[in-house]
Structure formats: structure tokens, C-alpha cells
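Order as written gives the chain letters A, B, C, D, E and F; numbering starts at 1 within each chain.
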């Protein structure tokens, strides 16, 4: 049976930290689904379509990396996709505390589901999409923090 | 003098984690007041009346467990009720950092007031009302996470 | 070359914790700029003018302590001011995790910039502006938590 | 039934932080047993007899505060004493993580046993016996950190 | 290419927490090597031979789970075994901070090596071998905390 | 008055993380004293003389960076040296919790003394002398982790 992992997030926008997690998860799983959450009650900086296109441009050639959007609970999306793994990056112990709660609850709802954690690489350990948005909003240069493949859209 | 503890929160809705804290605090105090905060600037998922009824249904038979609503500072509510203790559950070290700040400030405002902490039991250490609301909002089944006495309202 | 530090924040309102950091940073630097952030997307409790006046009243006599407002990225403000240091207070490990991310990103954007941390003194380690606002909103007495020089405005 | 709490530790030596926890626990329980652990594999700075005498001198008049020594598991000592509560002080989130593990294991071994946590008061939040020993060893003055009743022995 | 993971530790003795990590890692990897560290400068409670036998008894039937001992750096052992993954369990944020340091250093020494983290299940989140040894040393019953397959040796 | 900072530690041996802190502290202070603790009860891997020579070789040309050894309390050493500042690097929130305790106690013993914290740069955030010693002990190559100026002694 193929080992499929879901990597859920807002990706608003995708960062170099996200890129690193996907590429390293790819070494571990037969397929990685980058799952872009779309939550009616949340305001996003970039529209869903844009966020998905960027992810596709970052991983253009590997058919085992797919981009999907989803609504509702992440566990339900995993079930639909036949995925038994969620993959998440850990940067700080605050991340860990948060992810532990989500991971434990997910396991109670869907007992077969396992959450796998990878370490953020040190140079991206401070990075998140909210910082990138803040830089964009204030006319700074976000390119050091986003994947090279999409630099062209942030000149 | 009777030892009365206030257990403050939003209880939006009450979880099995809350239930466990109240029952265990009951072993320690002569009376426990479950104090449902009502903050004009906050949006609640369930109306105050509903949140209070559910708590009453969870603890129907023990006159030493009372449900009250309050507005304003928790310390002022404690003073009105003649309560010298606040009781809180601790799940994670993030909880602890937050509660420590609140507890220290409360003690500066009302020097006689003591905050008592109980550990969340391991099986509820990942649980909070926000996760329960998220499950409800997405048509999941929240019953594993809420007290049995009110399961009938979540079919 | 003069050593200038920027102490950025919302100061909504200035607390005794802020006051302590500024006075202690003053022992270390030739000049300290208390930099009041003004973010179009954020709602403040007190208007910018009021927040700045209070800071001026707290440090009336030392020409090396200046109050300024700024918009945009803190690193850009530091550059404009010729400041090579940011100073921040640390209360809890949650503070630390947050500040570490900001400090690392700032250093990537502006390599010469160094963030310097001072410890909150124990009696203020629980204090923040949000707690002060909460007390004011609920008709409590915030004076134990704000600098003496501005007590007159909180009777 | 009387509510008896055990406050276990090495008390090598007792600090002002310990003193504060005992006095505040006394407001909550009918009796507090200060339980001085004696572990054959551990080296203590002060002999057991001395550590116990000092505690007795700190709480001379309250028959509800007793000093006892014990060997073996703390849960076994609680059972022998008919104590259903352990009381512990929390200073930092590192304390919390450590205490949570011990508290959960204790509860698995002795299901009726509840661990109750009090916050270290801010001025003692940095204090522990190891720091006091270090000061003594280096001919510093430990008196600011130990209870007044035993200052006479540290001139 | 086969995906082999090393699960390094002292296993002094193996706990139910370890057992859970191995079984769940088994779902993810083609092979799991339980690697029992033997460090000349460390005192162990149980001899190496005993610790290894117990692990073998816990996983008797799955040829993809192997027990090995090793000396020296874990990264060197991984290289010898052709393993590109280390697997570790995370219980607390203290665990996380420690593991992050080790994981980052390991990656600097052996760039292809990836550390994969699984969450301790809530009921084992307080458990470690040191607690088990403490129970044994004090004539308590360690069986709730060790794998069923080896209960016979702890009557 | 000159601003002198003490950077205390064991430096057993000095790492690239230490080197970075000293160089960055040098931008802030008029003088930095690298203070090598010598504690009779502690076993060091390298002798004091060796640890001090290495530090001297790392900072050969700047008369404002001095190496000294000391025994006893760090605060007493600061007093003797006329230093009003201690400088420390912060890598993790565990570091922070530890340093906060030491910093608060130091301030109670010597009220004029201020502890200043700098962030470990991300690439050294996992690094400490104990990891370096472990690599040396196991015949690994420690050079990526120690200052270039002393690589010649670790071939």
C-alpha cells in the first residue's frame, strides 16, 4: 500500500520553510499532498487560486507532489485521500505544544492517522507566512523568504 | 470558614476536561462556583443561557457546585462571592505561562486571593473548547470531547 | 560612533515594565528611542498622540530618551534613525520564542542590526499592556501597573 | 475527613520559596506534612537531622504543620500518612513539565492522589536550594534567600 | 531503496512508551533498528545483554524490527547501517528542545540524515526509563509502565 | 565610565557559538572579559590553561577582549573587575528559563549588575560544548563547531 502524507496549511504564501518540509517529506513518503485549507471564517491575504498556483510552480516536475484545496476538518480530508499520515514542520517549542494538541485530537477522531514531524532547518526556524505578509504589506523585499521558483512574482 | 473556589472560563461549550477539573476541585473545596464569563467585546459560539444550562446538567446533584455568570474582572467576582481561591487546569507549558501572569496580577489586585492549579488528565490534555467548536462547525462528532450528560444535544 | 537603541512597541499604554526597560537600556546606550508603532490594520485603545505624550511625561528630563512614532517595518525605522540596536524585554519563555523569530528575521533583512534583551524585573514579569487595558475597561485601578508620572490621568 | 497534603522535597536547605508554599498551602489544607526525602544514592549538602530541625524552627507554632523524613516512593509515603494531596510550587515552565510527569505517574500508581500546584511568588521565582548552596560554598551571604527564623545559623 | 530508521536509546529498561514508538515507526519504514547505546562513561541499571534481550522479547515476530548495540556517535552507527532516518518520540517541549539540538547537529555531521518525530501517546507522555528504575529501586510495581511481553520478569 | 561586560562560562572548549557572542558583544561594550570558571567540584575535559589559551588565540588582536579565570561567584568576579554587565547568549527557551533564574538572583546579590542577552545565530543554535566534547570523545571531527583559529589543534 502506498504511503501518502498530507501537508496541511494556509500557504498564504508558501515560504522556503514550507518548501524544505515538502522536499524532505518526499524522501519519506510515496506521495505528498500539499493541502491548502480554505476556511470560510478566515481572511486570507492571497486568494486560494494564487496560493495553489504558486505551490504548483515550486514543485513542477514531481508527480508524487500534488496540490489540493480542502474545506472542513483535516482528518476528513485525509480519509477522502486515503492518507494515513499528516506531516508537519516544527520550529519552536510553541509550535510543538500546538501541534501536539492537534495531533492527539486528530488521532482520537481517526485512530489510524499518524502525525510525523520534521525539524525546520535552522535558517528557516524563524520564518512563517505572517512575517512574509508583513514584509509585503510594508513594501519590503520578501524574496529571501520565499521559494526561488516564484521570485518573479515579487519584484 | 468555608473554602470556596471560583473556576472561571467561557465554557463555549463545557468539555470533558472542564468536567474533570470541577469534580476534582470538589474534593478539595467546600464549594465550587463555575463562573461563566460574559465579555461584551467577545463573540461566543453558544449563547450564555445555553452554556450555563449545559454546565447545570453536567453537575445536577451536588449543591456545592454552582453555576454563575459574571462580567468584569474575575477578582471582583471572587470578592463578591467571598471566594479566596481560583482553580485552573494546566495542560501545557503554554497554559502555565499564561496562567502564571494572570495569577500574579490577580494576587497584586486582591492580595488574599490564591490560584490553585490541577493537572489536566492525560487523555484531555489536548482538549479545548475551540477544538470542539471547530469539530461542530465542520459537522464532525464532538461527543468524545464533551460530558456524557449533554451528549443528547449533539446527536 | 554613538550607540543608539530603538525600543519598539505599541505602548497602549506604557507600563511600569516598559519604564524599567527604558531606564536600564539607558545605562547601556548613548540614546534610546521609544518607538511607538502605528499600524493601520490594528485597533488601539488609546490614540497615538496620547500614548506618545504619556511616554514623554515618564522620561521628561533625559535628552537621550526620545519618543517617536513609526509606520512600516521596524528595521526600516532603525535604518532611518541610524540605530544599530533594538532593545526588548523578556518576561517568559513565550516572549523569548516570539522575540527570537523576530530578531532572526530582522537580522536577515538588516545584517548589521543587533537585538539586545533585558530581563523583566520579577515584580513586572506578569505585566503587559493588555492586562492594563482589561483593568481600565472593567473600572479597576490600573495605577499599580503604570508609571507614577502618569498616575494623575488614571484617578 | 481531614484534608492532609504532603509537600515533598530535599530542603537542602529550606528556602524562602519553600516557606511561602507551606504557609499558603496551610490556608487550603487541614494539615501539611513537610516531607524530607532521604535517598541513599543522593549526596546532600546538609545532614537530614539539620534539614529537619531548620524546617521545625521555621514553623514552630502551628501543630498542623509537621516535619517528617521518608525513604522510597513519595506515593507510598502519602498512603502511610493518609494524605490524598501532594502540594508543589511552580516557578517556571521547566518546573511545570517536570512536575506534570511526576504528577501523572503518581496518579497512575495511586489513583486517589491529587497533586495541587501553587505559583511561586514573583520575588522567589528564581530561587532554589542549589543556588543557596552555591552561595554558601563560595562564602556569599545566603540570608536574603532563606527564612528569617534560621538566619542566626548563617552569620 | 529500503527506508531504514534507527531508534537510538539506552532502553534501561524498555518502556511501553518505547514500544509504542517502535510499532508506529514500523508503519512508516521498511525496517526499524532499535539501537541500544553503550557508553563507557555511563552507569546503566541493567546490563546491556539484559536490555537487548527484553527488546527482542517485545518484538519477537517481525523480521523488520532488529535490535543492535552500538558505541560512539549515533550518526556513525546510522552510516554503518545504511540508515537515512533516525526516529524519536516527543513527549514534552523539553524533549523537543533537546531533540532539536541533537537533530540539527546530526544533520550538520551527516547531511543526508533526517530525524523523524512521533508524538508520545497521551497515556505514556509522562513515562521514562528513569521513573521505571526509581519504582523498581523502591520495590514498587513497574508493570503498568513496561511492555506486557516482559512482565514475567518483574513479578 | 567604561562599559565592561563579563562573559562567563566553562569554555570546555570554546565553540563557534561563543566566538559569535564575544564578537557581537564587542560592538556594544568598551571591553569584554571572557571569564573562564574554575570550580573545584567540577570535572573539566580540557585543563584550565588549555581552555584559556584557545580563547586567546581566537581573539588575538583586540586589547578590549581579555581572558581571565575565576573561582567563586560570578557576581564577586564582576565586582572585582568593575564590570556592571554580564553578557549571555540565548539559544533555546530552556536556556532562557535557566538564565532568567541566574540573572534575577545575581541582581538581588549585586543590585547594579545587569545581564544582557544576545541571540545565538541560527546556525549555532544547536551547539554547545558538551556536544563538541562528545564528538571528540568518539573520534568525530569537531572542526565545524569550533573557531577556525584553533582548528590546527583538532586535526
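Quick note on the criterion: contacts are C-beta pairs under 8 Å (C-beta built on N, C-alpha and C of every residue); 3 or more make two chains touch, one makes a residue touch a chain.
Values in this document were obtained by computation on a predicted structure and should not be read as measured data.
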Joint neighbours of chain C and chain B, given as chain labels: A, D
Chain pair repeating C-D, as identified from B-C, A-F or A-B when over half of the contact pairs by residue number coincide: A-F
Centre-of-Cα separation between chain F and chain C, whole angstrom: 29
Whole-Å separation of chain centres (CA-atom averages), chain B against chain E: 39
Chain B-chain F separation of Cα centroids, rounded to whole Å: 47
Where chain D touches two or more other chains, by residue: 92-94, 97, 100, 103-104, 122, 125-126
Chain pairs in mutual contact under the definition given at the outset: A-B, A-C, A-E, A-F, B-C, B-D, B-E, C-D, C-F, D-E, D-F, E-F
Touch list for chain E against partner chain D, complex: 91-94, 125-128, 131, 134-135, 138-141, 144-145
Chain C-facing residues of chain F, complex: 3, 24, 27-28, 84-85, 90, 93, 96-97, 100, 103-104, 107, 114-119, 121-122
Of all residues in chain D, those that touch chain E in their complex: 71-73, 75-76, 93-94, 97-98, 100-105, 108-109
Residues on chain F engaged by chain A in the complex (per definition of touch): 92-93, 122-123, 125-126
